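What follows are several structures.
Below are two complexes that have subunit A in common, paired first with subunit B and then with subunit C.
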Partner chain A sequence: MTVLAIARASLTRLVRDRTALFFLVVLPVLVIVLVGATVRGFSTWKVGVVDEGAGAAGQRLVAALDRSPDLAVDHYPTVRAMSTAIARGELNTGVVLPARMDEAERGGSRTSVGLVFEQANSSMQAAATAVAAVVRAEGVRVQAAQFATAQAGGTFATNLSQAARLEGRLPRAQVRTVAAQASSSILPEGFSYAAPTELVLFVFLSAVAGGAATVETRRLGIYERIVAAPVRPRDVIAGETLNYLVIALGQSLLIVAVGALAFGVSWGDPIAAALLLVCWSLVGAGAGMLAGTLFKTPEQASGIGPVVGITLGMLGGCMWPLAMVSPVMRQVGHATPQAWAVDAWTALLARGGTLATVLPDLAVLAGFAAVFLLLATHRLRHVLAG
Partner chain B sequence: MGDDVLRCDRLRRTFGARVAVDDVSFRLAPGEVYGLLGPNGAGKTTTIKMVCGLLDPDGGTVTIGGRPARDDLSVRRMVGYVPQDVALYPDLTATENLAFLGRLYHLRGRELAARIDEALELTDLASRGGDRVDSFSGGMKRRLNIAAGLLHHPALLVLDEPTVGVDPQSRHAILERVDSFGRTGMSVLYTTHYMEEAERVCDRVGIIDHGRLIAEGTRRELVAELGQKDRIELAADGDLETLAAACRRTGGVERASVADGTVQLVAADGRRTLPAVIEAAEHAGVPVRSVDVTEPDLEAVFLHLTGTALRE
Partner chain C sequence: MRAALVIAGKDLRQRLRDRSAIVIGLVAPIAIAALMSLAFRGAETFHYTLGVVDDDHGPLATALGGVLHEPGLRQVVTTQSLPSAAAARTAVRDKTVGAALVVPTGFSAAAAAGHPAALTVVTGADNATAGSVTASIASSFVAQLNADRLSVATALAAGAPGSEAARLQSLATTLRLPLTTVDRSVGATPLKAVSYYSPGMAIFFLLFMISFTSRSYFVDRSQGMIERIRAAPVRPHEIVLGKALSVFAYGIVSLGIIALVTTAAFGADWGDPLAAGALCVALVVAVVTLATLVMAVARTQRQAEGISAVLVFGLALLGGNFVFLSAAPPIMRNLALGTPNGWALRGFTDLATLGGGLRTVAVPIAAILSFSAVAGGLSALLATKAVRS
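Presenting the complex of A and B:
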């Protein structure tokens, strides 16, 4: 009861606090909409192609890319030349058609089409997504043709023998999966990378900035008033934790909803995603409460809080993937909870991860949350003791 | 004595090397208004925080309603704490603030609403319940601060300098209320450094200085301690400290101190001492503009006991 009263008062204040609401609602939605609009808004992406001897299959794919209204294809002699063009911003993405793609396709074996783009660049991510979609569609067509030829049987001797080999070696269900594939990126493409990293960034950032409310409660002497009432310190701590948790979860759900409804972001395995949201919200709650007990003035919290949030976000892979940074920086990054949360989202969204895949990340996040909450509890007890 | 609402026994509290409260004992009977009168830094707030369970004493005990206050949450229900600084959320309305604090005392629903109305009524804020506290004047905030301490009908209301920074009208209203609380049977522990307030609302006064309770009693008892003495107030143009020093050297003057732009004296016999005082003032080059000889009051008692004025 007193726990709820304490959480309720803090939440009522939050609703009236324009600065807090800006960080909590306006800014994340604004950024999502901006990034989302940029990613979707470009009319044509410039795609470079390097053909390493893919034969007819490669030509078919280039034709398909050419047919796509979103893509303009340019040929490059080497991967190196194409990479330079990408680095200069002349291209949005590059495609590498592997040698003997044709044979591989006809042989029904796997073949990989390489995609070259900068993962930190959201428009490149989007271009890569568009190219990947064309490659996949083409793959399905090739596969269907292979299958039809195999099924129809008998016009071409070679085809027949191929079909025979296919049927003999592979069960039907597996034949479907044999196709040209985009080389699987370790990251979710396009906007699906931006949305979860923003969630990780903003939930933490606004929790720490939101510590200002606790600093104010402290400075106004309201905790003294609470302690003078028949309220146990642990109820005060529970009430404040609940308050921060509700804020973090609320913001998470807002970002999930905006991402999903407005931009079709898929958030992956629902149970794993939900647990990840809860873990991350607990991390945010702990960090926010800790900030509330450490900062001296509300201005410090709302000024330094975002700086801390952004710095940890950068280190932890919220701004650019840690896959691109040096191993040392990657290790340093994993000292932040952000890195583990981003890893977990990446596993869920790009690799179709499940609860089992992200369990280690969740455990680490739970550990961070526990440490933050324990420290905050300790500090708050100290505050309450006068 | 068994039914004392509050008993403080030999309370002591230090902050590092500084002794904030030293061996303070006093008690409050039901319906009694007790004033802790002392200058800034005397230890009033520290004493009150120990009474309300916000600070642990280094020594001594607090007993409320016959029960030791320490570690017993139900004892806190008996106390209404009104902190020295307004402790309310500026961005919530008066009613929301009271509802929040009332819930901490397990009030809810209709009872809570009724108590809020009553507390607002008692502090003349009934029409402002729906307004945010940051739209209130200083005096209104102070009154709401008091209202918050009344919600749960405490047996003991603890007011820490409730009139600081308040205009005379609001101050008057607050003092009226404190007066009436006493008459309803609520005990009030009231700290102030305003002698007039202590004289006006308190049944008994404890004079506290440098953490020690140096005298205690009704106004009459305290003044009687002075014996047949007079209080002289001198107004003058010039350096008042020089004047006070000159007075101290004058025969018959027991204490002299500067306060409120005047020089305050305690003298065994005012009328006889006065001519010498005026002459000493002329010599010191700070001629006296006007003189006021009165009965001794708590101010004079404080001056007598400590050698310094209550307010600088």
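Presenting the complex of A and C:
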């Protein structure tokens, strides 16, 4: 009973604090919206197009670029504007469609499409390779139409549509793509990426920053007053732990609900996901309690807490997939509980994993939670003993 | 003026005594910028190893090998010979290669005989980019083969007599694809992640000054500090000036040190020092006016904390301090230009990429100062109203 009363008192204090509610409820949802809208495609190249008067030939090429699943095409008025966008990183490469491209094609001459990119930058080089492949594929039909017009007569336009028809029927050298493995170690793009990673980030971060409340309680001497009453120290500790756990679970469930209802995130195997939520909330509760006993002033907790949370989140793959970083950074990252939680969510969301798949991750998380909670209990006991 | 300086000095000393000021003002932004640059170094320089299986040993396989070693591709692809298609699949699965390309047995002979076979690209789910680049290289390569065959077929379909087929065929082998690409330089330095995130993180933590300053004002007020200072021959505007000066000094020093450290240690490019300095000054002015606005709007310390927290995170989220804004949809890039920190980041981005000096950052500085004028004017208005009532 005492345990519940202590937990309830701490929770009531939190609910009355509108700033804390902003960080617990509003901020995570805002960040999910922002990241979900931003993280589109670790594998799509953004291509700018400037049409200097290329006519129908230019439009055909743009349509071909648009059809390519690896490219996202955007139009720019001038080469200068496009170059600025490339320099700023808004585009991976740019295409300049030359003036009178259509006349040149009809007249049987060669045309050069400008590719704007910096050769020293290899991602730009890779994007340019993808664009060049589309240009060459378009060139196949143009060559056939020009050849036919020169050798057999007829108009370029009819021969071009003839070539397009024949191309599908003719035996040709093709490029087949086979997947070596079907499962990915990167979360799906968009909101399915943002929601689980931000859950991992924010539950931990809010808990650590929420340690400020415990620091305040310590400073005000509330613990001493509680223990002066016939209350056992272990009930105080249990009550505080319960408080942190309820906050962490509540925040997790909110993010799960918002993700599922508003952004269509499918959270995978329900039992495994539920256990993962509980494990992660325990890690958060432990970290929050520990922060509450380690920091000296509430300002330290609310100032340094988020910094710690963000840094661990970055190391642990909440901000970008760990598959992207060097093996050393990946190993360093797995010193944080965040990395194991993100691994588990990746297994559930990207590979359709089950409880058996994520059991090792859950075990590691439970270990982290146990260590945090034990350390926090030890320190709080110290405080309670006066 | 002396009174203002004394107040500023006292505020600064008090701030530095709490170690969290140093963590927030220096340690955290530098550490996070370092982490971000470490993580994104791999993403900036895209490179992968391509496993090549040559079961053909014919002229086409040799030609393809030549394409893969062209100078342009060399910094994107390194090739590694693999014995078999099965070995290629294993290598991709084990991530020893990013993707693999299999040239099947008899590929050259089949193409010569008019029954071309397929090149196989083996991709892994974790390196989709390597897979798509390989597929692009392979399809560029087969394009010429296909173009020649399609040319003959189209000419025949357009009415060339069948007896001409042999002549057309030999004529077609001399053709070159009429649509080519020519490389053009961007004429600007591409943005490095560290050059974005160093100012990004410095600015984010600078925004925290809004919380600290407004909070300290209410703490001072609740302790009767303001009244005690007023009892001395100090005018109210000197108190405000003193507080503003301390924020200003702290902000400039914090931004300056972060700029120096990230430039020296991680190769961040903050651009022309004079222009970057002007941008920093404008931004710190904006932070000062935002802090006074919070002081004018809030009634209690709790309110000040709440309002500034929402303001700090709202501005940081919209302004692009957390996400690489260049990769975001256009609407978010435009939203960022509604915030002073968003304009500052745009300014630093342009300094690092387009170069130039004060001229490059003239528009961002003007935008930040107009923002400050609005915030400053609004807080002056509210303060006067409060004094009157």
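The definition used in the following text is that the second predicted complex is superposed on the first by the 234 of 386 C-alpha atoms of A that agree within 3 Å, B and C clash if a C-alpha of one lies under 4 Å from a C-alpha of the other, contacts with A are read in each partner's own complex, and residues count from 1 in each chain.
As a working rule, a contact is a pair of C-beta atoms (placed from the backbone, for glycine too) under 8 Å apart; a residue touches a chain by one contact, two chains touch by 3 or more.
In this text, all values refer to a predicted model and were calculated from it rather than measured experimentally.
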So in the superposed three-chain picture, is A:I304 touching just subunit B, just subunit C, both, or none of them (first/second/both/neither)? second
Going by the contact rule set out at the top, does A:I222 touch subunit B (first), subunit C (second), both, or neither? first
Which holds for A:D70: it touches subunit B only (first), subunit C only (second), both, or neither? second
Touch test for A:L275: subunit B only (first), subunit C only (second), both, or neither? neither
For A:V208, is the partner it touches subunit B (first), subunit C (second), both, or none of the two (neither)? neither
If you stack the two complexes on chain A, which partner ends up touching A:L242: first (subunit B), second (subunit C), both, or neither? neither
Quick one: classify A:R13 as touching subunit B (first), subunit C (second), both or neither. first
Using the touch criterion from the header, give the chain among subunit B and subunit C with more contacted residues in subunit A. C
Overlap of the subunit B and subunit C footprints on subunit A, listed as residue numbers: 17
Partner subunit A, residues of subunit C touching it in the complex: 18-20, 23-24, 28, 31-32, 35-36, 38-47, 72-73, 75-76, 88-90, 92-93, 100, 111, 114-126, 128-129, 131-133, 135-140, 142-160, 164, 168, 171-172, 175-191, 196, 208, 302, 305-306, 309-310, 313, 317, 322-324, 326-329, 332-333, 349-350, 353-354
In the complex of these two chains, what residues of subunit A are touching subunit B? 1-2, 4-6, 8-9, 12-13, 16-17, 217, 220-222, 224-232, 386
If you look only at subunit B, which of its residues touch subunit A in the complex? 49, 52-55, 73-74, 76-77, 79, 81, 83, 85-92, 96, 100-101, 103-106, 108, 148
Listed in rising order, subunit A residues that touch subunit C in their complex are 17-19, 22-23, 27, 30-31, 34-35, 37-38, 40, 42-43, 61, 70, 83-84, 86-90, 94, 96, 105, 108-126, 128-133, 135-149, 151-154, 158-159, 162-163, 166-167, 170-186, 297, 299-300, 303-304, 307, 310-311, 314-315, 319-320, 323-326, 329
